[in-house]
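First chain written, first letter: the chains are A, B and C, and each begins at residue 1.
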Amino acid sequence: MLSQAHHEIQIPTRGRGLYEFTGEVQTWLAGHNFQNGLLTLHLRHTSASLLIQENADPDVRRDLEHFFARLVPDGDPLFVHTAEGDDDMPAHIRTALTTVNLSVPLIHGRLALGTWQGIYLWEHRHAPHRRRVTVHFIGE
Amino acid sequence: MLSQAHHEIQIPTRGRGLYEFTGEVQTWLAGHNFQNGLLTLHLRHTSASLLIQENADPDVRRDLEHFFARLVPDGDPLFVHTAEGDDDMPAHIRTALTTVNLSVPLIHGRLALGTWQGIYLWEHRHAPHRRRVTVHFIGE
Amino acid sequence: MLSQAHHEIQIPTRGRGLYEFTGEVQTWLAGHNFQNGLLTLHLRHTSASLLIQENADPDVRRDLEHFFARLVPDGDPLFVHTAEGDDDMPAHIRTALTTVNLSVPLIHGRLALGTWQGIYLWEHRHAPHRRRVTVHFIGE
């Protein structure tokens, strides 16, 4: 018998960087005893992203951060939208280059993540923020 | 009782730029009186994207456009696929760097968009096009 | 009457490049006689992507490859995470710039893909790999 449920996860950030929250998602799914279905995550912001990436070597996250900082430089004179700071427009662009939606199947009680995949919030602003992720599940 | 529905939204574009269509999506959902579920949008093209971005300051869209125009220059001599014009291969690459699928939960009759989030079609070609978005909803 | 099903598609790669598997997905859907619903694909890796792109002119795939190779150069001295080779960190970044999730509606027995859209696995490593894609369908 199919049913659905929803939830909100709040993630406090301490500035730019990757914050894993795979555990919070799994805990919520387990609390409902869901076994099979489709999990969708939607981030309600335009200056942070959702990302599935390697959860083993922290150098991967460091290199991702350095690459994006070079690709979309803070304070680039190209940008007109600068009222909220040098990192505001780069944050919007980094969000456009990644995504704010993820969909992951749940199979036999486990998310279909690979061995090295973790679910991350990627904060693109330097200041701390409280980010809100809407969590939706449909299945059984 | 879960059910599903589908629809097609056609968006006429006037050349490269961001076209918001959040309203059309909300109107369709409201017409079905859907309350909770999962909305999926799929764009049936390879030279335009779907994007969730800030809907307040238009300078954000202007800066996004300028950044992508610099990152993926029209007429780049790297490209072999140029029969349809200088902007054709850049359009495919801009699509690859963004996405053609979006999934947004509907909670208590409202899309789980943040205050500043709008749903956009991003036209990457300079000529006007009629773009087709398949809309799917499953829920109740 | 809504129901769901899942499957795994394994895709052997021969190194960096785009591998279409639209046919495998359609065959699986047809085998279940599904007519309407939502298909979700999730790639269980962090150094390869899923991509919907043009399936007509092979020059498009060639140009995509060349653009990404220039944007994220193998062996870039910026990278610290190099133990697995010069192409390892570029593979993670190319994955972050694209996606590992796709959601496509099925309408009257046909995926809502445009005329020129194919579903691809994008292998970002130079060595051959066996890539695993989790396939999920909910609908009828």
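Worth a mention:
The working rule: contacts are C-beta pairs under 8 Å (C-beta built on N, C-alpha and C of every residue); 3 or more make two chains touch, one makes a residue touch a chain.
Computed from a predicted structure; not experimentally measured.
Contacts with chain B and chain C are shared by A. Here chain A and chain B face each other with different sets of residues for the most part; under half of the interface numbers are shared between them. Note on chain placement: the centre of chain A and the centre of chain B lie 20 Å apart, centres being C-alpha means. Each of the following residues of chain B touches two or more other chains: 2, 38, 71, 97, 99, 101, 103, 138.
Across the complex, chain A is touched by residues 2, 36-38, 51-54, 57, 59-60, 62-64, 66-67, 70-71, 97-99, 101-105, 107, 112-117, 138-140 of chain B.
Taken together, the chain C residues at the contact with chain A in this complex read 2-4, 6, 38, 40, 42-46, 71-72, 76, 78-81, 89, 92-93, 95-97, 99-101, 103, 132, 134, 136, 138.
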